[in-house]
Amino acid sequence: MIEVGPNSYGKSAIRLVKVVRSETPHRVRDLTIGIALEGDFAASYRDGDNSAVIATDTMKNTCYALAGEHLTGAIEDFAAVLADHFAEAPQVDIARVSIREHAWRPIGASPDAFGRDGSETRVARVARGRGGRSVDSGVEDLVLMKTTRSAFAGFPRDRFTTLPETDDRIMATKVSATWRYAGAVAIDHDASFASVRSTLLEVFAEHHSVSVQASIWVIGKAILERNPEVESISMSLPNLHHWTVDLSGFGIENDREVYVSTTEPHGVIEATIRRGDAPP
Amino acid sequence: MIEVGPNSYGKSAIRLVKVVRSETPHRVRDLTIGIALEGDFAASYRDGDNSAVIATDTMKNTCYALAGEHLTGAIEDFAAVLADHFAEAPQVDIARVSIREHAWRPIGASPDAFGRDGSETRVARVARGRGGRSVDSGVEDLVLMKTTRSAFAGFPRDRFTTLPETDDRIMATKVSATWRYAGAVAIDHDASFASVRSTLLEVFAEHHSVSVQASIWVIGKAILERNPEVESISMSLPNLHHWTVDLSGFGIENDREVYVSTTEPHGVIEATIRRGDAPP
Amino acid sequence: MIEVGPNSYGKSAIRLVKVVRSETPHRVRDLTIGIALEGDFAASYRDGDNSAVIATDTMKNTCYALAGEHLTGAIEDFAAVLADHFAEAPQVDIARVSIREHAWRPIGASPDAFGRDGSETRVARVARGRGGRSVDSGVEDLVLMKTTRSAFAGFPRDRFTTLPETDDRIMATKVSATWRYAGAVAIDHDASFASVRSTLLEVFAEHHSVSVQASIWVIGKAILERNPEVESISMSLPNLHHWTVDLSGFGIENDREVYVSTTEPHGVIEATIRRGDAPP
Amino acid sequence: MIEVGPNSYGKSAIRLVKVVRSETPHRVRDLTIGIALEGDFAASYRDGDNSAVIATDTMKNTCYALAGEHLTGAIEDFAAVLADHFAEAPQVDIARVSIREHAWRPIGASPDAFGRDGSETRVARVARGRGGRSVDSGVEDLVLMKTTRSAFAGFPRDRFTTLPETDDRIMATKVSATWRYAGAVAIDHDASFASVRSTLLEVFAEHHSVSVQASIWVIGKAILERNPEVESISMSLPNLHHWTVDLSGFGIENDREVYVSTTEPHGVIEATIRRGDAPP
């Protein structure tokens, strides 16, 4: 007895740009959208019956068609409109919409010229099921470094351990963080995003790190404390190692000055920090 | 009350090459390894207590140290050795090891010259917990195309639907598939991998596709039928659209001959096909 | 009669980070360095004679060894130190050094926390030959958009032309620009870079574009006019097309509001703008 | 006096797939095409006069329009058709066409199912000027390794040299090679490509390398000796270092068995091997 287990389908990498010309300067919205549906689709697998299969091409068209009227505020709100739209179909149990927004900043005081800010990507993920919506906001591609006040010591040593303890290393990472809002509240997503982001940066800058794990805790705790609408935050922090170069053989002292920056291999530390009453 | 929720840490992108010189031709094993541990690590977050935190640098060293003696057969077996090693630490609940193997083929009859086969990547994922091990095998980066015998029709049409029905389109995809072995059996992983892979290719080639969903079902069902050791298989198939170019304005007929190949946007169809008695 | 023609060798992708701790905030220098040598190396090819072949590993070591003392100002100046160093070897005719600098900005008023500015990359290329040095500065990865005041009309139409003329399109591009300094002058490279960059952005923002070609001219001319130390500037501007989505079939008017952003295919327009007395 | 210097424009990343259905199995041609024109275009920069600017969109259309009739043999031949087409316009001095072909292989004996061979990319570059055509063929993305019979010794040692001499190292590289055909001869490009490629692989496998430079010479010389139609060959070979891991601290001997594979930094060795009478 063979059966269809968990399944999902949709459209990814829908590239949509909207120019809001009613403002000065114009506003550029540059989105990459993904749609995924779960529901009563087993027959499309098992019987080749497409009568329930909303074409992924239709999903794409829908994004473009609804952007004019509905992409007016935060990406979380547009994602909710799209998720609600797709969840209307009776065969759909859950409609998931993810949106990544690529930031453009006006150049000087120009009304119509913009530069792409490649330093971070804002993300939103909305899931609409029969019981309601969940909304996650987040940020990706945020590359950060602490040049001091970062340590790593007191870890266990076994026969394969060679890493020396250090009380002063470079900590470099590329932050991916998503946080979930408590369901019942109406959220101003732009304001909340700005608040979480600035807390993240401020605490990253201020704290003394004894490990990447401890940094996640300190940052996540502060975000939850300062943003009551946030229920939990998940962070994934690669540890992008910077190794001090040994120049002593050349008669050169290198006291935390010259490093080799590496990407392979790298540590990965991932955790969710949450309120004690958060659902699992 | 703020707490540490689910968390995991480890090392990614460990690049390891082993040359087996005792065979003719030599054998090149080219692996990218990832290690992730879950367990009693909350204190490392909350209290900055590193006494349980096996350094990710130690994880890397361990891979290189154990490769000589233990990387002798399938990557599933080496992953199991690594997972068992890390699961020995009392603070570890689950040790996850993923290995991607990059294939090298001998050039002609040469004993010591090889070409990298960039056409696919073999993957293994082993999770070792207190209750035992789970083993997943898989393949990635396998790009396939059907030039005919692929259709898509009978899907619902709403006001945003413009896609015409077709009984003859190109189907192109980049297969990611992972399958799970039933736990109790001793598996010859190289033999099983070869069997699943050849079933996948054979059925892909032979079947008439009425949708990507139906293809997943037909392929997955055949794999389960022919490989009793496989409990379930999960496939993720992007639909890499090839659009027929309209050349009629130039007085040129284009009967399924010239296409524009695209990557953005693309469909994504994902499903698990499993035995009816598979655990959820 | 078979011979060795033009040849060059060196080291690429040398990743070097220097932390200047004597300033507050610290200063992070994050460089990717490439070295290439040309000269009397034919014997290394033809006769397998390595006696002139400075190891590329030595090149790498040299970058790290000299960074402490010599990476104190602009990357152009450090590139010159490295190029001069390698050009000292008698077998070297030309030593080429390219440096890409990845920008890090302090977070708030923090003395030791930084965010990576992914929006642009500064580049320097120094070539040191027996006759002296050439110095090129540049910028890459600078993604710009004009939401109006961009047109394209008056182009020839043949039987394969379908593009309509337009007096209002989006112009989006990813600027790569390098400029060459007149040899004899002493240059403050940081000041000159800032001046060229701000001219580029300002003119991009202000001008009315009738084509990407015309934009290159207008921008390049202004840079040469305002920066007498610059001899010529070469720009490579992809035309990253944004197509207006036709929503009329859905009863939706789309007046330059919703676009599909594309990367394949894209235009590429490349030109050097120079003083009339510039050497070819 | 500011002027327009060297310039060029065109379309890149034109993705074209043609399915030849008259053969069994079908034949899949999967091309990425680039077009670039040089000529009398200064007015388009200086005066914003587009009357000579063949739209890059037209270039794209032309590729699709001509593929049906003219993409019947080697990519060199189709590139020549395209280059000749664009060179017909009086304002064009040189039309450059580059084509990269992505290989698809039939799956088993299937008439209509194919797998993408990601192991190499074939390239052709044709330049058509008033004086005739030049044709370059090439291969890219060909990743090769020698597990023994590769050495590097006898190189100069200065104060920054730490690399030990070795008579047995791994040599790994990703070959980019392009060769130019003597102009006057009619070439069977598929046959010539196959011959050059097999010589490259065979000599790579057979020779004892004393340096990457020497390997380029040995391979290039053999290609020129066995293929009289080839005038010169240019190779770019990164040296993708594989470092033996020092496991002695763990009591483990590692005799050329376990390596760490790296990509940053890497050597780059580039040279043209040519007949003595080749034009510069």
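Here the chain labels run A, B, C and D in written order, and each chain numbers its own residues starting at 1.
Everything below uses one rule, namely that a contact is a pair of C-beta atoms (placed from the backbone, for glycine too) under 8 Å apart; a residue touches a chain by one contact, two chains touch by 3 or more.
The structure presented is a predicted model; accordingly, all values stated were derived computationally and were not measured.
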Third chains touching both chain B and chain A: C, D
Centroid comparison with chain B (C-alpha atoms), farthest chain: C
Interface sides of chain B and chain D: same vs different residues, half threshold: same
Chain centre separation in whole Å, for chain D relative to chain C (CA means): 24
Where chain A and chain C are represented by their mean Cα positions, the distance between them in whole Å: 30
For chain A paired with chain D, centre-to-centre distance based on mean C-alpha positions, whole Å: 38
Residues of chain C engaged with two or more neighbouring chains: 15, 61, 65, 160, 162, 250, 262-264
Touching residues (chain side chain A, partner chain D) in the complex: 159-160, 162, 249-250, 262-264
Residue numbers on chain A that touch chain B, as the complex places them: 1-15, 34, 36, 41, 44-46, 48-58, 60-62, 65, 89, 152-156, 158, 160-163, 210-214, 216-217, 220-221, 224-225, 232, 234, 238-239, 263-278
Residue numbers on chain B that touch chain D, as the complex places them: 15-21, 26, 28, 30, 61, 64-65, 67-68, 104, 107-108, 110, 112-120, 141-149, 170, 201-202, 204-206, 242, 245, 247, 250, 252, 254, 256-262
